[in-house]
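After this come two complexes, each holding subunit A, first together with subunit B and then together with subunit C.
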Partner chain A sequence: MKALVLLSDGRHPVSGRPAPAGTELQAIALARGLTEEVAGLYAGPDAAAARTALGHGLARLEHRRLPEGDDPLPSLAAAIAAAAPDLVLAGRRAGAGAQTGLVPYQLAEALGWPLVPDVVALTVADGVLEAVQALPKGARRRWRVKLPALVTVHPAAPVAASFAIGMARSGHVEDAPGIDAPQDGTALEERPYRPRPRLIASAAAGASAAERLKAATQSAGPGGRVMVDPTPEEAARAILEHLRALGVLKPAPGRD
Partner chain B sequence: MSRTRRDPREEREARRLAGSGRPRWRLDAPPTSGRLRRDPRREIDALRVAGTTRLRLDRTGRAGPLALPTIDTAAVAAPTIRIVDDPAYLVTVVPDAPGGRLAPLDRQLLGAARTLADAGGGAVLVLSFGQIDGLGAAGADRIVALDAESGDPSARAAALAIALAALQPRHMLLPESAGGGDLARRLAAKTGEALFAGAESLTARLATRPAANRRIEQRGAPPRLVTLAPDAHLPHAGAPHEARAIAAPEGRADAPHTGILSIEDLPVAADALPLAEADFVISAGNGITDFELFRALARALGATPGASRMVCDAGLMPRAAQVGASGTVLEASCYFALGISGAPQHLQGVARCEHVVAVNTDLHAAMVERAGLAIIADAQQVMPALIALLTAEGEE
Partner chain C sequence: MNAASALSLVIVALAILLAVEAVRVARRWHVGRPASVDWWAGLAAIPKRYLVDVHHVVARDPYAARMHALAAGGLLAGSALAVLGLVPPLAGSRWLWALAAIAFLVALAGGGMVGRRRYPTRPARLSGGAFQRLPLLLVGYFGGALLVALDAVLDLTGPLGWLGLVVASLGGFGLVRLLADGPMRHAFAGALHLAAHPRPGRFEGERATALIPADLDAPRLGVAVPADFAWNRLLGFDACIQCGRCEVACPAFAAGQPLNPKRLIQDLAGSFKDAPPAYRGSDYPQARPVAGVSGPERPIVGAGALIHPDTIWSCTTCRACVEECPMMIEHVDAIVDLRRFQTMELAAVPAGAIAPLSESRYAEEPGGRALAARTDFAAGLPLPLIAEKGSCDVLLWLGSGAYELRHGRTLRALVELLRRAGIDYAVLGPEERDCGDLARRLGDEATFADLARANIATLGRYRFNRILTADPHALHVLRNEYPAFGGHYEVVHHSALLDELAADGRLALAAAPDGRLTYHDPCYLGRYNGETDAPRRLLDRLGLERVEMERHGKRSMCCGGGGGAPVSDIAGERRIPDIRMAQARATGAKTVAVACPQCAAMLEGVTGDVAEVRDLAELVLAAVEAAVPQGAPR
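This part shows the complex of A and B:
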């Protein structure tokens, strides 16, 4: 079985130096759990960040050289078609650039492969990939898809292997020209980032500290129901009824 | 030269408002003397910056000249439902609505859609997978129910692509959440539409989004497909809208991807869940002495166990279980507090919980005030009763 990890021209969020994105390194760790045959794929002008990923457990990196600002999609699709991997893994967002997270989806559409988003665990049996997707509130969803498939990796996946300089230096980089695909000039205007205040629909927004603390700690609506000194059984029944009315607890068995 | 004599009574009589038994006069109308009468309170109100309780005045003059208020002498009617009959265009919204309830981000999304629609006489159309409550109050004009049987997001994206082609909306908004973001990207890849992902501000003319690890802000006119980041827009606060259900657009969806064999939701192991991710948290305070019983109750309810600072300091629960300002700030939808009085630092950790249930011996505890259901009793006695009731129900 052959796995390919898509790498981006990432930048460290604080220092701005070339560094692979965290989820891409986690993707390498996930892929190495399945197979020994894991390669990296990067299409773009400068592979400095992708080369660093070699130190995190990649033996080989395929670099498709492209001019600055070109669309990497045709080069990536061609490289995947040539390498014919069973599984392609990608990070959730690139480590730099527009960070829309669109490339894996466009690639899956172009290749006609199924895509499993936000994966935290992978197993393969008889050409069928079993992937566990992480959802908010700790929920998990299991997908069973036929290989070949494309997955994106969630930050809750197992941690990446630490950097080993020996591996990074012995890793092999295959450099080949990519397919030029200049993008049209309807790009968005860019400015230095200006953080915007989060809008909170609360009467106390912008009020004094005491009022904000009050709003943070007191209930918005009028006080709820109060039961004074019920018997434990009455209390238990009232609590369960209330929790079921809220939809937190499943209805009692045999009730519906 | 003589001046006509003024009759103040006659002038006042001319300004009398008809229709009410009590005598009322239109005091803001310009008096005949030609000198405008100022109403300082109204001027201050017009300068007031909305959204704050503290008095803040905008003196830059952006509010424009003060218009004379029109006094409606008829009795103020009950709040009516706003109806947009013949919309100039459509703004479609695809809320996540887990469990058929609008999440906070869904409400913000509908608020943003409302601003986009009201900018030019458009209507907000909600494309829903399954029944969703409270859409009218959140600002929806029309509802189209799409087939929700398959949990496969690629099938949902295909249904959205059909709706996009049939309805030709000016904008289609999705939440930048796990589900909504995935759906938006599938739709963008499928239709080739440009996607404006994770908009942090959104108006009809301009949308902005962060890029390059929040070093760059990209801005431009919003394209058709936009996803909205959390807390970027206020929910709709105006009059409710009609939320009229209309028929789904005709169209043949392509067959589902043959590569996808099955998709199933796994049961959540609540006790192994990190507190920050948990949806239902049961928490023990100083009123609890039997922690084996507490853990058994947490297992029986399927809740994630938490604790107050007192209990964690005493070493009775792990530090990772601490709820509050110096522990975990919860995002849970329900919080069940056993024997917790509710120090302000603890209540800050519960601030984002939608529902609180409290069991406490003190009627005047802050947690009792915060709770939707408060039981004034010994939590130590209520716990075995709860477990007994749950096991009895399980045996039935």
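This part shows the complex of A and C:
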């Protein structure tokens, strides 16, 4: 079993100094839980940030040298084809600079591999990857995917290892030229972040102030039932009914 | 042949056995790394180091001091006099044996005190096992030898002398057997430890509390196996007499965290031996199970090794154990060396320490906060940047406490006081990186070295007379630990500066009686830097009723906030700040004065029946404001 972790040219969000992206470090920790053979892959001009990952448990880093502004995709795809890993892990979203967060998806498309986004736990058995995916509000979904596959790692994954200078020193970097892929000046515009207004349910036009307030402040949930001090039988029946209504459980036997 | 000359011969034989055992003990230290030791100066200094420095510590327990002086003094004097009995002109001299009898009588009194301390009930801090048998052997040797000497003086040549010889021989042989792995090891290892101490400066009047920089070019960073310790550190572990003073002083032990400095040193003393003697003292509280295997090349820390990681991460580096140790053992150095390997080679740090270490590395600030935001606390106060002035008299080092609301209040008071006293001050502002204290105590020497070099380069660009800080941790690092990286500064704590300003009359203080007050000494100010007087002088200028807690000054108890303990967060049965606050309340104080952002944060976190926590700067500002008549121009 061989795992490859994609590394980006990360920057610390506050200091702006070269720093590994948190989810990529968590990806290293997840991969090391599966196999000893974990390497990092970075394509770009300067590997200063990617190198820091060596101190967080990565033994080997493959650096594909590219001129500033080139598309890393062809280099990454070629390196992955050459290394033939079973699993490729990446961070979840763009961190700094001109990063788009799309590379894992484009890679999956180019390689023809399945991609599971936002994983928090991984296990492998008989060439099948079982990935737990994080969904909003703490929900989790289990995927079973045939290897090779690509996953992106969610911040809710187990914490990454701290930096150990001893590991950083013993890790080594393999430097090779990448595949030049100049991009056709898709100019990126940089704007300060502006929080977007929160979407709130709007009451029908002409509704009273009280109705508008209610619509704005009440969550439009699926509702539910409040049972005060029910008997265990009643409570169990209500839970079963609810689960059947959601389709989690099969309809009660004896009913169609 | 009479009993007296036979005793002389027995003692000579015991001395030869002793030398053989001593060589065996010393050979075991050979597994350690080499260390540069000034042998001649060290050996020559043993009497002074023993009589002054060791005695200074031992004498805090007057009973133990008398006990040791009698037993050890009598043992050496009596045995030496008895051996002199072999020199022909002195052989059979009654005067000689009378002197020997007096010496053994003195020793017997000491031996009796050793026993009195342990029987009928042994205090919890003292070890059992061979230690419990020690008084019997001492009394046997001293009592037997006394009989022989008396016999020689009174010329009895009766069976009493021969009986004494037998008892003395048995006792003496028993004592020699306790040299390699028993209580008597402390005498030999302790004396050599004084000569070859890794921090000889301790005996020259230096505080010598700065951590020793790790060799970052070494093939292995920190200490993984006993053989990674310098040999004189292994010697230091062997010097332990298991008196348990460290155990009593240790805040982590008091809080029921899995650390007992005495047990730790015993584990380390056993770590480089294949079959260490059983330990019969109190254990680590909530001791975690470990495999308990030892050997010079076996790992020390780990569940499958000798010491559980939680033990080394429980330490607050408060140095109370080092301060109390009569054998001058350096517990904190050992713990930091062990942490260094865990952190820099294995990345095996407690979960809570990962983020502060990462942020220290990538944001140069353990909280990951913007360096420019450090001065936000001072909104509305004049806080000139040194970059704009180029030079100043006092450079105010804000420290990481500046980001906290609580310490922000203290710093606002301090800045206001500087302004009123007309001090020419400035701050580094966004150029101030973390001093690296937290990273270093957590064993990340590499990050600390990076931060130290960056800060020293920044400070080198500006001219200032001295650095002022309200954070004793920063003070200690800047004053004592940066010199090893090439930064030499005059660093002053705000307590000392405010005291100076009040003494000069540059700050007019009005007595503001505010009930009873007690002062909590920060470890890094009191123990690490010996500054216990200035804060008290300053408080006394305020006209408050100041009372002392039982543990104060250099023997003060830690608040629990040092050494990265709050981020490592090893659970105990109690919390250290709760214990400390209870001690403050026991004095009847309404207010506990602090002089450190960590102490303020830890003590303010205590709930229930608490004293109000005020920093010295806040108290002084209140007194200064009280001195200004209402409506008068400031």
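One rule holds for everything that comes next: the second predicted complex is superposed on the first by the 185 of 256 C-alpha atoms of A that agree within 3 Å, B and C clash if a C-alpha of one lies under 4 Å from a C-alpha of the other, contacts with A are read in each partner's own complex, and residues count from 1 in each chain.
One rule holds for everything that comes next: contacts are C-beta pairs under 8 Å (C-beta built on N, C-alpha and C of every residue); 3 or more make two chains touch, one makes a residue touch a chain.
Being a predicted model, the structure only gives us computed values, none of them experimental.
When both complexes are overlaid on chain A, the residue A:Ala252 reaches subunit B alone and has no touch with subunit C.
Of the two partners subunit B and subunit C, more residues of subunit A are touched by B.
Applying the stated contact rule after C-alpha superposition, one finds that A:Val159 touches subunit C and leaves subunit B untouched.
Applying the stated contact rule after C-alpha superposition, one finds that A:His56 touches subunit C and leaves subunit B untouched.
Looking at the shared chain after the overlay, A:Ser15 reaches subunit C, while subunit B stays out of its contact range.
For subunit A in complex with subunit B, the touching residues are 11, 13, 16, 95-102, 105-106, 108-109, 113-115, 117-118, 128, 132, 134-146, 149, 188-196, 198-201, 203-208, 211, 213, 216-219, 223-230, 232-233, 235-240, 242-243, 246-249, 252-254. Those residues of subunit B lying in contact with subunit A across their complex are 51-54, 56, 99, 101, 108, 153-154, 177-179, 181-182, 185-186, 188-190, 195, 197-198, 200-201, 208, 210-220, 230-235, 237, 257-266, 268, 270, 273-274, 277-280, 301-302, 331, 333-334, 336, 342, 344, 347-348, 351, 355-357, 359, 363, 366, 368-377, 381-382, 384-386, 388-390, 393-394, 396.
On subunit C, the positions that touch subunit A within their shared complex are 216, 220-221, 343-347, 349, 351, 353-354, 357-358, 361-365, 368-371, 444, 446-447. Partner subunit C is touched in their complex by these residues of subunit A: 12, 14-15, 17-20, 52, 55-57, 159-167.
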